[in-house]
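As structure tokens, here come the structures.
Same chain, two partners: subunit A is paired with subunit B first, then with subunit C.
Our next item is the complex of A and B:
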């Protein structure tokens, strides 16, 4: 095998086609989009060089500020929610359900394989207030409380979005973390138990530190996914009411494709890329530090 | 590695490389054209129509014509209809235009600006001069062409509909509550209060779409400031944040705060708002005359004879009047310049001659074409509206007619918040004005 990898021509032959495809369908559009940030106009009206105008606009545009804030709020809350609920479920699988957990695991995992649009429609109907009450409002009415227009105000719309996305993804994180928990050697747990550790102490002293690497991987997964949230917002609230649940991705999409301003849309895309990059670097660095300590 | 193995490896690599290369070429695709069906330089080979998914009327009528009056034209150049949802229609159009692959005919987009851009870029057929050449200019109604001109600057679209807008009301509900059709804003709000007190939902409107609510704001402005109210804003001579403009938003917001639109107006979609009215659950519906097809249909539970129409009411002390009906051309159809050839010309002539009668006869909807068939049976409600149109002195556009795509989106997505009280009238107007940027 060393011979094959030592042969430059063989390397080229194996890597070349994939690299070519990757370059043409990934790198070229990325660079192309980067180039667009210096232009204004659309495919219909033509493009005009505008220097750094798009960047100046980016920093003074209240819509970008609002979308950025929403994106960060959503990413933080959802990451915490997804990972915490996922972790709690994985602990449940390992310590309480044990061998009987496969059915529960399958059921909890199920929503992740459903199409986002279908899940969004389901939640729209569940939280509906008009033309007829959804199941949630019916439940609230049981206690004599009035129906709530869940999608009518920013806070409640955000709440529904968070609940839906956590419900959708918790199974995935539970399975991911479950795999991490299974890796903890039984002997370590056993000796901890012999030393008198049980319940909460066992989790805090043994389980959490030993599952830290997979926990950090989950956080990276989650934060990068949630920063790029698009489909669930588009299908559930379409960014509304008003623009209160509009993340950067949706703003970028609308700016480029609905308003025909490709240059400014690309500039927003660049901002999103930089944020994702910074967050990833930050998490990688902190994780590396932790691992060397551990 | 032995020489023989190297040779074998090399031999097996050659087809692999070739395959990968070919695959890459296919994937990276020098795939010109895409959605278009245009031939090589000599116009369309199919009469492709890109329709709005939500609007089936035009597609239905064209399909009817293709097997009826325009059968010969259809045999020469077959009609092919594709659909695109309204929400992503402008994106699709931009994409096709960017690839120079526009369909033969297509709905002109959600905002007039897009069609103007396409026209400035030389991609649209000049309907006026083409119709002059084809000798069918007389088939276009002057009122419809003038509305198209005021929207696009020139006649670059076919007026497949000629709509007026106003308040449709349920005659029975109004009678039961002792209300006469309102002609002033005060009468309208009094009527709404009476209805609410009687347990009837006064208005049905789709907050999900937004425009049925912003239409009210626009009309209020036309009644208070006059027919040029929004032209002034477009020209930069006035701002939506001026007190007399904010007043309009406040008036509509008040209807919402009184609960006249019913519960969860922001989640009500277009069909639901229409159904609420046609099942007798609401007294008023602000809508265009395109809804006549729904009113004349069997699915209308309250019956067409039970529906009346009044223009948007006068506002006391205002410059405008309710003789000025809000008018539009519904979903105007633009024609690709590149796709135009003799066969397309034949189709357009046939449409010009027959569309008016087909639209009125099949759907009970008024179009911007003359009705060249005296035998067409006009439903009574449609005939009643025709009289109202004939009596009206002038027409006005709608709130977003002169806005760009961004201001239009902002206006329509925030409309529900305006009536639910989530944002104040001042904030609403500020948001829209910020996108107008002048």
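Our next item is the complex of A and C:
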């Protein structure tokens, strides 16, 4: 039997091709990218060894500071927004809509499968002020208020971005958390109800503690995704006005491809990777500590 | 991740407290609750569906309608498909869609074949170092795309693959593998080992076991995984934008971005039509497979 399951050649045949492609196209480039951080230049202009200059530049570059701040602000606000709205929706599905929720779930989930570029362009038109008023400004005008130039100032541009990304993803987080809520044993809920817990008390004392694991994974997915935000920003605001909505991902892309500096681009990419890693480890650790406390 | 088979569409009649409510009579409070419920559902459906309806209506309006009437006005002629023609012919949307298909389906095939085989080897076969290899694949889920873009760009440039479809296929395959391998290993864990052992006793080789038993048993899971990867690849912008800035293989997402860059400020109708083509295609797929898409995407959401 072990001859069959321990067949070395079979292992090679099954896992070999996948491992080869994965290694050549993901693992090697990661190391290669680390090597780039010590150089300046690009594949077209040629590379020049620059030691740790890129890292020195990284810490003194106001653009990086601005992009880092934007990335963190976006990640925190969007994670809170996505998970809160998603959780509210999932509670709504389970406790309030019950049977009727199937259609609502299906429809509210839909935007997440749409191409981000298409959604961004649609929102751009909806919030537009010139040359044509979008539907949002028309709506505001109905109340006698003047049109707002949504993409003209950093704050309103950021607001539109947040609204759009929550619109896109709320149904997704709702279904994710809904699945978690269905896993809570009926008996626990039943006995809590018999003990007189209802409504808000039931949610606070039973539902929230018992759905902590799935809430935690939602938060990790959300932070991991929002730190890497790229498509929606590029297509909706293109980083503007000015560079006020430029996240690290877009700054890295521009540095490498518009200014042709692969070395510095790789350094920014490394910063992003390290942040993603640190955040994930941090959340895992703090969650484990909390769970042991009970 | 925590999706169970029962997640969508599970009957909720077993919820506690329900039998008590059935006999309750229609009090003002209960009527109010129903009204509130209708309002909330209506609001949710409105914010999801209205932007899409506005998009559809916009795609049917002429330029003069756009310039002269408010943006919420209905189109004068509901059968005005001229914008679609412009988007298709002048905007070349058809070619972009073809490019996307040329990149997506070969990548999907490779991801499925390689990923399922690797998942099988990592879960069913017994060998030294399989834990390590699984961890290695898992690490790939965390790596942001930006980290591998530049080396890959150099590599494709030096091997003269730039300007062909290969950079897309190779990159999508590699980035899709970590999640696929991880999910397939999980699915194979659910298949009882005894089945493979029985096959081995009956004299089936391990290859035969995989082809005749392993693969068919995870067929549904394979379909779900392929669907998840389809959405990731079809909707990707970063990789497509990087590797198709030169050459004739721009995908639909890149094409759409360019399209509105050229036409967007001046020509409303064709822009809306182009966006609409994108949305409707996905909508049709979603309508047929929505339960599976929901289950698959939430199970595969690690990728973020």
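The criterion applied here is as follows: the second predicted complex is superposed on the first by the 278 of 294 C-alpha atoms of A that agree within 3 Å, B and C clash if a C-alpha of one lies under 4 Å from a C-alpha of the other, contacts with A are read in each partner's own complex, and residues count from 1 in each chain.
Here is the rule we use: a contact is a pair of C-beta atoms (placed from the backbone, for glycine too) under 8 Å apart; a residue touches a chain by one contact, two chains touch by 3 or more.
Everything numeric here is computed off the predicted structure, so don't read it as measured data.
Enquirer: I'd like to know which partner A:104 touches here: subunit B for first, subunit C for second, both or neither.
Expert: In the superposed model, A:104 contacts subunit C only, not subunit B.
Enquirer: Touching A:43 in the superposition: subunit B (first), subunit C (second), both, neither?
Expert: both
Enquirer: Which partner does A:257 reach: the first (subunit B), the second (subunit C), both, or neither?
Expert: Both partners, subunit B and subunit C.
Enquirer: First (subunit B), second (subunit C), both or neither: which does A:21 touch?
Expert: A:21 sits against subunit B and subunit C alike.
Enquirer: Have a look at where A:131 lands relative to subunit B and subunit C in the superposition and call it first, second, both or neither.
Expert: both
Enquirer: Please indicate which partner A:265 is in contact with in the superposed arrangement: first for subunit B, second for subunit C, both, or neither.
Expert: In the superposed model, A:265 contacts subunit C only, not subunit B.
Enquirer: Quick one: is A:152 in contact with subunit B, with subunit C, with both, or with neither? Answer first, second, both or neither.
Expert: first
Enquirer: Does subunit A have more residues touched by subunit B or by subunit C?
Expert: Of subunit B and subunit C, more residues of subunit A lie in contact with C.
Enquirer: Based on the A-chain superposition described above, do subunit B and subunit C contact any of the same residues on subunit A, and if so which?
Expert: Shared contact residues on subunit A (touching subunit B in one complex, subunit C in the other): 4, 10, 13, 17, 21, 24-25, 43-44, 124, 131, 257.
Enquirer: Could you please specify the touching residues of subunit A with respect to subunit C in the complex?
Expert: 1-2, 4-8, 10-11, 13-15, 17-19, 21-22, 24-30, 32-33, 36, 43-44, 89, 92, 94, 96-100, 102, 104-118, 121-126, 131-135, 138-139, 167, 171-172, 175-176, 178-180, 182-183, 186, 189-190, 193, 213-214, 217, 221-222, 224-225, 227-228, 230-231, 234-235, 249, 252-253, 256-257, 262, 265-266, 268-270, 272-273, 276-277, 280
Enquirer: Quick check on the complex: what are the subunit B residues that touch subunit A?
Expert: Within the complex, subunit B contacts subunit A at residues 1, 9, 13, 16-17, 20-21, 23-24, 27-28, 90-91, 94-95, 97-98, 114, 117-118, 120-121, 123, 262-268, 272, 275-276, 404-406, 409-410, 413-414, 416-417, 420, 422-423, 431, 434.
Enquirer: So in the complex, which bits of subunit C are touching subunit A?
Expert: These residues of subunit C touch subunit A: 1-4, 6-17, 37, 40-41, 44-45, 47-49, 51, 54-55, 58, 66-67, 70-72, 110, 114-115, 117-118, 120-122, 124-127, 133, 136-137, 140, 142-155, 157-158, 170-171, 173-175, 177-178, 181, 196-197, 200-201, 205-207, 209-210, 231, 234-235, 237-238, 241-242, 245, 252-253, 256-257, 260, 264-265, 268, 271-272, 275, 278-279, 282-283, 285-286, 290, 293-294, 297-298, 301-302, 304.
Enquirer: Quick check on the complex: what are the subunit A residues that touch subunit B?
Expert: Where subunit A meets subunit B, its residues are 3-4, 10, 13, 16-17, 20-21, 24-25, 42-46, 62, 124, 128-131, 147, 149, 151-154, 238-243, 254, 257-260.
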